[in-house]
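Across the two complexes that follow, subunit A remains constant while its partner is subunit B and subsequently subunit C.
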Partner chain A sequence: MFDFYDQLKQEFGENLKKKDSFLEMKLEAVHFHQLASQLKNKFGFIFLSDICGVDNKGDSKKEKRFTIIYHLLNLEEYCHLRISIDIDEETKLSSVGATWPSSKRLELELRDLLGILFDTELGAGFLNPSDYGGFPLRKDFTPNVNGPVSILSTSFPDDPSIDADQRGVRSWVNIGPHHPVMKNNVRMILELEGEYIRRCQYETGFHHRGFEKQAEKLPWPTLITLIERLNSQAPFMCTSTWCHLIENSLKLQIPERAMAIRMVFIELTRIQDHLECIASCAVAAGNESVYFICQQGRELVYELFERMSGSRLNPALNCIGGVKYDIPIGWITDCFEALKKMDDLLTHIETLFTRSSIWLDRNMVSEINAGRALDLGITGPVLRSCGVNYDLRKVNPIYFYSDVEFEIPLGVRGENYDRYLVRMEEIRQSISIVIQVLDNLPIGEVSKIVENQIPPAGIHYSSLESSNGELGFTVVSDGESDFPWRLKVRSPSFMNIIALPEMIQNRLLDDALMSFSSLNINPGELDR
Partner chain B sequence: MILKNEYYKAKSLTLGVMKSFLSMSYNVIRRLYGAEKITTINYPIESYLYSKNQMGLPRLVLDKKGRSLCTSCDACQKVCPTNALDISGKEGQEPEVFNLDVGKCIFCGWCADVCADKAIEMSDEHIIAAHAEESLIFSFNELKSKGRRPNPEIKNQVNSEGMEG
Partner chain C sequence: MRSNFELENHVTLTSATTFMERLGRWSQSKLIWPMIFGSGFSEVEFRNLYGPRYNVEKFGLEGIKYSPGQADLLIVTGVVTHKSFVVLEKLYQNMCSPKWVIALGTEAISGGLFQNYTHKSDWMKHIPVDVMVPGDPPTPEAILRSLEMLIERIDLGVRSERENIDV
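After this line comes the complex of A and B, so read on.
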């Protein structure tokens, strides 16, 4: 790390600052665009994890209208570089899509929601139609409720590589937005030639709640209730990330017992979410029995949540400074029992699925290769199924993750089947983590009272390995007001879905839904 | 840990079918005749009581004489993330208006957490249905009687042990 830091220091000099575990740099827009390929190729920042745009209107300390924050990651050194660029309203930003392909969707979001200008044509947006009349994330935005809004057009342009005859054979199929397997509202439009998918488009935004805008209107302490509702499958992950962010920014040490309890519930949530994903793959393949086995497993976890806090889906268990409730008497025994039952269920699923020739035949499709996955900003089990060993629990361990023993399963080919195997193995590892933590549960109090929950002025980022991948929050605070200035979610589903069209191209129509399910896209997280 | 290579080799079809069949029939038999036979309960007359922490409808806590402990301090209204509470009254006395809009309430429990007098708490009542939006707004007097099950004796009989795995 030190050599690497020195190298960077030599190159960028005083510009580069170290803040906690992050490196920070302020650049000019033009300058960054020139440096982009150098940062990627020479310094190994191959991963662009997020772009966050901030509107500074009304902030007297900032001269320019917008601040754009790029989050770059060097996976080998685990070095997180944050580049902030101040631009005027008229300045045109250059797209870095040529260097980091994952930036395309993020840049579209900047253009549509914040009105940042780009000097190249980015293509059709996915959230706002062009005549929407305003940019929702700007501070001076007033919604025009009654204005006409055209529907986003989703259609395929003519494919130049084929002639008119071939074009005649192609047909379009529309799947979704409401579909039993999709468990969320995403629309897929497929261009078929016979049974084969030639092109694919997806339409998102059906579940858009204006999450980031709403967050600017909620005071710091109660913001956690909104955060909890980001992802309906894994609410505990969201609140844990959030609490970790606030506690980190306030330099607050939470009690050890609270850390352990959080770890237990994070892993239980992971088990539950992975089972949900396998269940939906099973339904897509037409296998109802595995679906019900998985639901039984989820029920076990939900029961544990309900016994702990009284609520199943949104446990409301986390609070800044720890967790709200201590583990009730008898809960630990129940948990061990549930995990034992869970183990039986997993063996059951394995008997039916792992190495079964039908499941293998249907799932050895939709390959993503490792390089492409990194380019597209994919994280989580999907990335690990391609063989990339990147898990935040290992590279940046928080709480007691460095003390427990567990392994990171890595796939070989990046196919649906690998994703299934990786998830199965991760469930087993999570079970082992829960058992280890419960065996060595520290004693003491479970929460600290935190009077001031406002993070100090500045940019804060914190992330956690959620069940879909790296879930992170970028928060801009001015240090005194009751509301966050800006909250940006780095949601894994938002990035993972980019891979979909490439995955299912030239595959059978049957495979489309299974590949989609294997990505485990969550609607709330996807559309925010 | 790289996944083992043999996971990728298909089992012989006959073996696979046999194994699946055995595993399925084992489960069917277990469900029909085994200890896990009963999987349902007579809800809502009985219900599971998982924990003493509840996340249902917020209810008012009453003292022995049936008066509310609320002192109209307004703390819960300020903290409520969805503005579901509407409270007014002189501080130190019972509130004149205390409306809870259950259509807005997300059962987050914050009101119960901030109340210094412990005048409001979360109950285990989840079955709230109405046919008009206005009937989802509960007034002070309604809230006094809400959140209490009609037959409190029955509810604890079944606990999570009877639950199917």
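After this line comes the complex of A and C, so read on.
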């Protein structure tokens, strides 16, 4: 790490600053575009994890209207580089899509929500600003919604690579958004040639609730209630990331027992979410019995949540400075019993699925190449199923993740079957983590009282390995006001869906739904 | 001989005017086909009712339908946004009459925390709602109670909100 930092320091000089575990750099827009390929090829920043746009209107310290923050990642050194660029309202930004293809969807978001101009044509986004009367994330936005909001039409532009005869046999199919497998919120438009998918478009944004705009209106202590509602399958992951961010920025050390309790609940949530993914794959394949087994496993987790905090889906347990309640008496025994039952259920699923030739045949499709997955900004089990060993619990361990023993399961071919296997093995590893933590649960208090919950002025970023991938929050605070200046969510579902068109191209129509389920897209996290 | 025979004890009082209407009400109350729209905590919780723990089939809700033509109960969950309302309205119009609507969860009823440019706050003006279930998410017991209430209403011949408007 140190040599690498020196190397960067030599190249960029005084521009580069070190802040906590991050590197920060301020560049001019033109300069960054020239440096992009150098950063990727010479310094190994192959992974663009997020782009966050901030509107500076009303902030007297900033001269220019917008600040764009690029989050780059060097996976080998685990070096996180933040590049911030100040631009004017009229400045046209060049797309870095040629270097990091994952930037395309993030740039679309910048264009639609913040009104940043780009010098290239980007295509249709998930929100049409003219329907809402402006760019929602700007500070001077006043909503003006008249009449129905436009959605994409079921059509494709002409494919120049084929002639008119071939064009004649192609047909268009619309799947979703009201569909059990598409989570009621994603629309897939397919161009078919017989049974084979030739082209795919997807439309999202049906569940866009203005999460980031809403966060700017809520005071710091109440924000956690909003953040719980980001992901309906794994709310505890979201709040843990958020609390970790605030505690990190305040340089707050939370009690050891609170760390352990958080770890237990993070892993239980991971088990629950992975089971949900396997259940929805089973439904897409028409296998109801495995769906019910998975539901049984999820009910076990829900019961544990309910005993802990009274709420089944959402253990509203986290607070800044620790957790709200201590583990009740007898809960640990219940947890061990539930995990034992869970193990039996997993064995049951394995006998029905893992060795089943039908499941194998139907799932040996939709591969993603490891290099392509990194290009597209995919994280989590989907990335690990391609064989890339990147798990934030290992590379950047928080709490006691460096002390517990667990393995990171890796796939080989990046197919649906690999994704299924990786998830199954991760459930087993999570069970082992929970058992290890509960066996060595530290004693003491579970929370600290934090009077001041406002992070100091500046940009803060924190991320956690959630069940779908890297979940991160970027927070811009001015250090005084009760409201955050900007909150940006780096949600794994938002990025993972980019792989969908490439995965299902030239595949059978039947496989499309299973491939979609294997990505485990959560609508709340996808549209925010 | 039946000396203290009272008609009221043996006949259900109903607002149905014809026998066929009464039969229709009775049969609908025994078998309802729900269709679930939206996403969020409430949607997850409603699906869990079909899991191994809560036997929702005993109310006659055999399975979740995803085709509006086959459904007579629409369950709206999650925040109704301007964009999803386009879909919701189309689905509602294609449902068979008499149709019933449940708004499940605070997010569906009022938007909950999400009071901003995306929330379609007046969606209930276009889609009349029969039963509202508060809570984010509502407990499974609350959802079961709401279904019980709805079935009671159908059986007693209470008109759905839609029919009230049409009259």
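Here, the second predicted complex is superposed on the first by the 514 of 528 C-alpha atoms of A that agree within 3 Å, B and C clash if a C-alpha of one lies under 4 Å from a C-alpha of the other, contacts with A are read in each partner's own complex, and residues count from 1 in each chain.
Keep this in mind: a residue touches a chain if its C-beta (ideal position, glycine included) is under 8 Å from a C-beta of that chain, and two chains touch if they have at least 3 such contacts.
Note that this is a predicted model, so its numbers are computed, not measured.
A:F206 in the overlay: touching subunit B, subunit C, both, or neither? Say first, second, both or neither.
In the superposition, A:F206 contacts subunit C only.
Identify the partner contact of A:G411: answer first if only subunit B is touched, second if only subunit C is, both if each is, neither if none is.
In the superposed model, A:G411 contacts subunit B only, not subunit C.
Which partner does A:T120 contact after superposing on A: first (subunit B), second (subunit C), both, neither?
Neither: A:T120 stays clear of subunit B and subunit C.
Regarding the shared-chain residue A:T225, is it in contact with subunit B (first), subunit C (second), both, or neither?
It touches subunit B and subunit C both.
Of the partners subunit B and subunit C, which touch A:S21 in the superposed model: first, second, both, neither?
neither
First (subunit B), second (subunit C), both or neither: which does A:S402 touch?
Neither: A:S402 stays clear of subunit B and subunit C.
Answer with first, second, both or neither: which of subunit B and subunit C does A:H178 touch in the superposed model?
Once the two structures are laid over each other on A, A:H178 reaches subunit C alone.
Let me test your reading of the model: by the given contact rule, A:S289 touches which partner, first (subunit B), second (subunit C), both or neither?
The answer is first: A:S289 touches subunit B but not subunit C.
Considering only touches as defined above, state whether A:N41 meets subunit B (first), subunit C (second), both or neither.
Neither: A:N41 stays clear of subunit B and subunit C.
Residue overlap on subunit A between the subunit B contact set and the subunit C contact set?
Touching subunit B in the first complex and subunit C in the second, residues 218, 225-226, 229, 296, 314 of subunit A appear in both lists.
For the complex, give me every residue of subunit A touching subunit B.
Counting only subunit A, the residues touching subunit B are 218, 221-223, 225-226, 228-229, 289, 296, 300, 303, 306-311, 314, 316, 324-325, 328, 334, 338, 341, 348, 351-352, 354-357, 360-361, 387, 407-412, 417-418, 421-422, 425.
Under the touch definition given earlier, write down the residues of subunit B that touch subunit A in their complex.
1-3, 6-11, 13, 16, 19-20, 23-24, 27, 50-56, 79-81, 106-110, 113, 122, 124, 160, 163-165
Subunit C touches which residues of subunit A in the complex?
Interface residues on the subunit A side: 127, 131-132, 136, 141, 143, 145, 148-149, 151, 177-180, 183-185, 205-211, 213-214, 217-218, 225-226, 229, 232-233, 235, 292, 295-296, 298-299, 302, 312-314, 523-524.
Quick check: in the complex, which residue numbers of subunit C touch subunit A?
36-41, 43-45, 48, 50-53, 64, 66, 78-79, 81-87, 91, 107, 112-119, 136-137, 139-140
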